[in-house]
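Below, chain A partners chain B and then partners chain C, in two separate complexes.
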Partner chain A sequence: MMIELKISTLLWIIAVLLFMLLLFLLYIIIQHNKEGRFNRRRDAYVEAYTGDWYDFLIRDTDLSASVIPHNKAQVTAVERIFLSYLKNLQHPEIEKKIQDFANVYLKDFYIEDLKSRLWSIRMNALYRIADFKINSLMDNLESFEKRNISKEEYFQLFKIYSVLQPSKFLEKLDEVQITYSESEYRRLFILLSDNIFTQVFDNFYHYDKNIQFAIIDTAAVKRNMLFISKLKELLADDSLEIKIRALKGLYEIGIVDEIETYIPFVSSEVWEVRLMVAKIFRYAPLSYTYTYLEQLIQDENWWVRSQAAKTIIEDRHGVEMLQQFIVSADDQFAVELAQETIMRRQGGK
Partner chain B sequence: MVDYIMKFFGSLIIFYMFIVIASYCIMLTVALITMRKRYRLDPSEYDDAHIDAFYSKPISLLVPAYNEEIGVVDTVYSLLNLRYPQTEIIIINDGSTDNTLETVIKHFKMKPIEQIIKMDIPTKQVKQIYQSEIYPNCILVDKENGGKADALNVGINISQYPYFCSIDGDSILDEKSLLRVMKPIILSDGEVIAAGGNVRIANGAKMQRGSVYETNLPSNYLVVMQIIEYFRAFLMGRIALSRFNLVLIISGAFSVFSKKWVVEAGGYAANVIGEDMELVVKLHRLLKEKGEKKRIEFVPDPVCWTEAPQTLGVLRRQRRRWHQGLLESLWKHKRMTLNPKYGLIGFISFPYFWLIECLGPIIELGGYIYLIFAFFLGNIYYEIAITLLLLFVIYGVIFSIASIIFEAWTMNSHPSTRELLRMTALSFTEIFWYRPLTLIWRLEGIINFFLGKSDWGNMKRQGIAGKEEGA
Partner chain C sequence: MEARMISANVMQQKEVQKYFTVMCESVIRSHLTMTAIFLTLSEGYKTEELAKEMSVFLQAKLRKTDLLFQLDNNAGWGIIFLQSGEVEARAFLNRIFDILKKEYPQLTINASITEIRNNNITFDALITANEQILSKISNEAWVIEEITDYQQPPTELVKVSIIEENDIFRHVLEVAINQLEVPHFSLEVSSYEDGYSFWQSGNYQSAHTHLIIVNDILPRKNGFELLHSLRMMPNGNKFIIYMMSERNSEAVALNAYESGVDEFIIKPFNLRLIEAKIKRTFARLWP
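Let's look at the complex of A and B:
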C-alpha cells in the first residue's frame, strides 16, 4: 500500500514536472520569437539610418527627426551605432554630439531601465550612461544610489562619477564602504584626468591597501614625469609590497634620471627587490651600473642573475662586458649564465 | 531469502536515487539563481573591459601534442585568434611518432633557438626549442615522450608568464574565451588561482581559421546525447560547486592556472590518467594545508570547443578512461574524505564525488539489473521496480530536459525551435540506451582501476566537422 502510494505520488510529480517544463519550453519558444522580431526591428533601424547618422556625426549635416528612437529596439540600434563610433574613433566633437543627443532623446529610456527589477537591465543602463556621458541624469543617479544596489552597480556609479563629476568621485572614494579589488580600482583610476589622479595620489596614505596598489600601478601606466618623484618617495615606505611595486612602476615608466636612489636596493635582502633594480638599470648607461650588475649576476637567486645578464647584454657594450666577466669571474654558475646569454643574443641575430 | 534480498536491494537503490535526485535539485537551484542574474546582461561590455594590457595578466598557452598532426595547426590558429593582450603559445611535441613536429615547423616557419630552461618541475629531456618566424610569440618544444602531464610540466618550465592555460591539441577556442576565463583571476587580484571554462562540443559547428561562426545540431544521435550531457554536467554540478569553492574538476581542455601555485604543488602528476583533476585536488589540498584563502573557479561562459566521439567504440574508451581517472584521483587523496582539516572539500566535494559520480554507476546499474530481475520474478516486486523506473525517469529524462531548456534560456544561446524540440525528444530515450551504456563503460573504468590497467584511449581524430568549408 505504502509503495503504491509512492508510485502514484511519483507519477504525479513527474507529470507536474513535465507539464512545468513544457510550459517553460513554450515560454522560451515565444521568447525566442519575440527576440527575433526585436532584432529584426533593430536591424531595420540600423539599415535605414546608418547613413543619416554618418552624415550627422562625421559630415556635420543636420539630423532629421525620423532618427529619434521611439522604442527599445530602436534605442538598441542607436546604442550600437553610437558605440561603434565611440570605440573606433576618438573624437571630442563626435562624443559631444552623442552626449547631447543622449541627454535629450535616450535619457528617459535609461530612467525607466534604472527602475527595472532585473539587475542586468539596470547594469546595461549604467554602462550606457557612462559610455554616452549622459550628465543630465546626475540627480536620478543620486536617488538611484540611495536604493539598495549591488556592488557592481555601485562600481558603475563610481565610473560615471569619475568621468562626469570628479569632485563627487573623490568624495565617494574617501567614504567607500565596499571593498573593490585592485584591478577594479585601476579601471577607475585610468579614466581620471592627470589632475584628478594627482589629487588621489596626494591622499595616498589615506586609503586602503587595494587603492594604494592601484594608484602605484596606474601612475606607472600614465607615464607622467610628475609621478616619478612621487613613486620614489614611496621607496622609503615600510611595506615591502609597496616598495616592490613602486620599483616596478618606476621600471615601467622607463626613465632613470639618477641611480643613487636605487643603489641601496642592490643589496636588499629580498630577491624581488634586487630583481626590480636589475630591471630598472636597463634604463641607465652601463658605465654607471655595471659594478652593481656584476654583483647581481652572481646573485643567489636565479631570476636576479638572469635578469642582470639580460640587462647587461641590452647595452651597446654588453657583450664585451660579459666576455670580460667570463674571463675574470670565479662564480662558475654566473659564468655559464653569461655564456648562455651571449649565445642567445648571437643566435637571435 | 530471495524476497529479503530483493526488498533490501530495492530499498537501497531507491534510497540512493533519492539522495542523487535531491543533490541534483539543490545544485540546479543554485545554478539557476546564479545564472538568472546575468540574464540579458550586455556581454560585450564586460569582455571589452578587460582587453587592455593594463588590466590583464599575461598568459602562456600550453599545447601538448602527441600525434596530433591533423588538429594541431587549427588549434594554434585558434590561439593566435584569441583577443588577449599578451600571450605566448608553447606547443609541446611529446615525442610524436607521426608528423606533428614537421607539420608545425613547416607551417609556422619554426627556427631552432637557444633558451635557458628553469627546471621548476623535473621532466623528461627537452631536445630542442623552436621559435616561429611568423609569430615570434609562438614556441615549439620538442621533447622525449613522457605523457601529457610531463609535456605540460615542460611547458610550465619554459613559460615566462605568471599564468598558464592548458589546451588540448584538438580543442578550438572562441576569440573571447581567454578574456572570459581570466576575468575572475583578474578581478580577484589573484585570490582565484585557477579557473576553468565551459566546454562545448564542436561537432556540427562550422569554423574558419579556428573560429566558430555557426553552430548546428549534428545529426548523429550519439553526439547530440553528449551535448545534452554536457549541459547537465554544467548546470547540475560545476556552477553550484564553484559557487562554494568546491570544484574538483575543471576541464583539461581549457583552464588557466597560476604558475606559482602549480609549481608549489609539484606540477602535473605523471602516470595518472586524469592529470587535470589530480592537479585541482592537489591544489585544494595545498591551499587547505597552508591555510590559504584562495579559490578555484568554474566560469560559466567561456566557450571551448572540442570534438566529441562519434562512434560507440571511441566514446566507450573515453568514458572508461575518464572514470578510471576520477577514481584514481579520489583514491590517491582518499585521506581528504570527511577529514575536518579539508573543510567543505572533505565534507561535501569528496563524498559527492565518491558517492554520486564515482560509485553511482555500480548502484544505478544495479537498479537496471533489478528491473530485469523483477520482471522475471513476477508481480511481487513490481511496485519497487516501477518506483525505481520512475525515479530513473526523473533522474534521466526530467533533468535532461530541464538542462536543455535552462541552457537555452540563460546562456542567451539561440538554438532554433526545431533543434530545441529535437533535443527534448531525444532526452526521453536517454534512459533506454545512452544511460545504461555509459554506466557499463564507467563500470569498466572502475574494474580497470582495480586491475591496474592503464588505457590511454587514443581518440581517432577526424578533424573538426565542417572545417573544410572554411579552409
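Let's look at the complex of A and C:
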C-alpha cells in the first residue's frame, strides 16, 4: 500500500525536524560552553591556589580568604586539591585542617547537593562528606536517611557513620533492612577502628551470614593478634563455611601459639579443613607438627598431600625430614610427591 | 718483633706521586674517603737500620688496601688508607704507638693525619702541608696532628625525577624535595606526568646519580616498565629508584623489590618519611 503525502506536508515535516535538530544542536553548544567555562574556572582556581594550599596544609602558614570557594567550579577545584592530599599523604594534621575547612566552607554546598533530584549529585556529596569527615552534617544526614533513598546512598551513609559516628553505625548494623554483599560489608568493616570492629565481632551471632563471613575475612585482613582467640572460638561453630573461613583467617594472621586447637581438624572429613590445617602448621615448629603432617602427606586428597609436603619443606630441616619419609613410607603416591617437592625446592635454588 | 721476619718492599715517595691523582678521582667517583698518615722519627734516631726495621713493622700492620711509602731523604713514612676515615687512621696510630712504646722505649715518633674527601689536592701540596705540621712538633713525642683542609667533599649535582600522574601531588613532591637540604649534594628536580614523557625527555642520559620517584601505575609506560628499562641500562646502578603505590600488597612490594626498586612506599604516606628516606639514601653515598 502506498502512503500518499503532499509535497507541502513533506516539506513541513522536514522543516519541523530541522528545527528540532537546530534546537538540539543549540542545546549541545550551550552545554559544551557551560562545561568549558566550568572547567576553566575550576582549573584557574587550581592553578592560582595550589601553592597557597601547600603552604597552609604542609608549611602551616595562614590561609588567605581568597581561597574560600564561592561557586560549584571552585568547590570542585577544592575537592580535587583535598583528595590529592588525602589519597597520597597521611598526616593527621592535614586531615584535621581539611575537615575544619570543609565543616565551615563546603558544608552548605553539600546540603544543597543532598537535596538534588539527581542521584549522582547526591552520591557525590555523600562521598565527599565521608572523605573530608564533615561531622557538622550529622543532623542533615539523619533527615536525608528518612527520605526514599537508594541502596547505594544508604551504603554510603553507613560508611559515613562508621567513620564519624561509630555508635550509630553499630545501631544501624543491628537493624539493617537492606541486604548487602559480603564484599560491601568488608569494605565497611575495613574502615573501622580495631575497637569498633571488636564490638562488631562480639555481636557475631546477631548478624546474618553475609555479615558473619565479612567479619571473619576482615579480621584476617587486619592481621591483628586480638582476633586470634575470637577466630579460634568460631572453630567450634556448626557451619562448615564458618569453620573453614576461621581457619583461613588464622592462617592469614600467621601466628600459631599452640597446636592443640588444630589437631582434631587433621582427621576432619572435609578436605578443605585438612588443607587449611596443613597450611596453618607452616607457622609452628616442625618438631611439633611433623607427626600430623606425615599423616596429611598421605592424605587421599592431592591438594592436602601437596600442601603438607610444602609445609614440611619450608622448615630448616624439611628436606631432611622428607628424605627420611621417602625411605620409610609405604604410600607410593606420597613418596613421589615428597620426591617431587624436594626436586622443585632444589631446582628453585 | 714478629714483623722482622717479613721483608720490607716499600714504595718510594715519587712512585706514589704517579697514582695519587687517580686515587683522588676515585674518592670522588666512589664516594669513599681516603686518609693519609705521615710518620716521622725524632732526630737522633734516624739510623738506616732502624728505618728498615720500622718499614717492616709498619708493612706488617697494614691491610692489603693500604699503601706504605718511604718519604724522600729518609724523612719518615707515608701511609695512604683507601676507604678509611680519620677515626680509623687515628685508631691505627694509637695501636702502633702502644706497641712501639713498649718495644722501643728510647724511640719517639710523631704523626699527622689528613682525611681526603675531595680532589682539590696535589701530592706535592699534601707532602708540604704534612712536612710543615710535623716540623712544628719535632720537639715533642707521640703527638698526632690533623690537617682538616681537605675533608669537605665537593657539592655533587644529583638529578631527581618525579613521575606522578596527579598534578597537585606532583607539585607537592616537587616543592618538598626542592626545599630539602642534603649535605654535599645539590638536587636538580624535574617532574613528569607519565613514564613516556620522562623517557622522551632523555633526562636519564647522563652520568649523574639520579633519584627517580615513580608511581607504579601511570597512563603511558608505567612504573614497572620504566624500572625494567632503567635497570637494563649499562650504568643502571646510578639510578636510585623509589616506587610509590596505592596497592598495599606484599605481593606487589615483593615484585617491586625483586625487579630492582630501592624503596617501595605505600600511599598514603607521610611526607616527612620520604624526606627522611632521601636524606638517608644520600648520607649513605658519603659514608
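Criterion: the second predicted complex is superposed on the first by the 317 of 349 C-alpha atoms of A that agree within 3 Å, B and C clash if a C-alpha of one lies under 4 Å from a C-alpha of the other, contacts with A are read in each partner's own complex, and residues count from 1 in each chain.
To be clear about the criterion, contacts are C-beta pairs under 8 Å (C-beta built on N, C-alpha and C of every residue); 3 or more make two chains touch, one makes a residue touch a chain.
Keep in mind the model is a prediction, meaning the values are calculated, not measured.
In the superposition on chain A, contact of A:114 is made with neither chain B nor chain C. Touch criterion not met for A:215: it reaches neither chain B nor chain C.
Judged by the touch definition given at the top, the superposed model places A:29 against chain B, while chain C stays out of reach. When both complexes are overlaid on chain A, the residue A:277 reaches neither chain B nor chain C. Between chain B and chain C, B touches the greater number of residues of chain A. When the shared chain is aligned, chain B comes close enough to touch A:6, but chain C does not. Of the two partner chains placed by the overlay, only chain B lies in contact with A:14; chain C stays clear of it.
By the document's definition of touching, of the two partners only chain C reaches A:86; chain B does not. Applying the stated touch rule to the two superposed structures, the overlap between the chain B and chain C interfaces on chain A comprises residues 87.
Of all residues in chain B, only 37-42, 45, 48-49, 52, 54-55, 113-116, 118, 186-189, 383-384, 386-387, 390-391, 393-394, 398, 401-402, 405, 408-409, 414, 417, 420, 424 touch chain A in the complex they form. Residues 46, 50-51, 54, 58, 80-81, 84-91 of chain A touch chain C in their complex.
Interface residues of chain C facing chain A in the complex, by the touch rule stated above, are 166-169, 171-172, 175-176, 244, 246, 267-271. Considering their complex, residues 3-4, 6-7, 10-11, 13-14, 17-18, 21, 24-25, 28-29, 31-32, 35, 87, 118-121, 123-124, 127, 181-184, 186-187, 190, 210, 217, 221, 302, 306, 337, 340, 343-344, 347-348 of chain A touch chain B.
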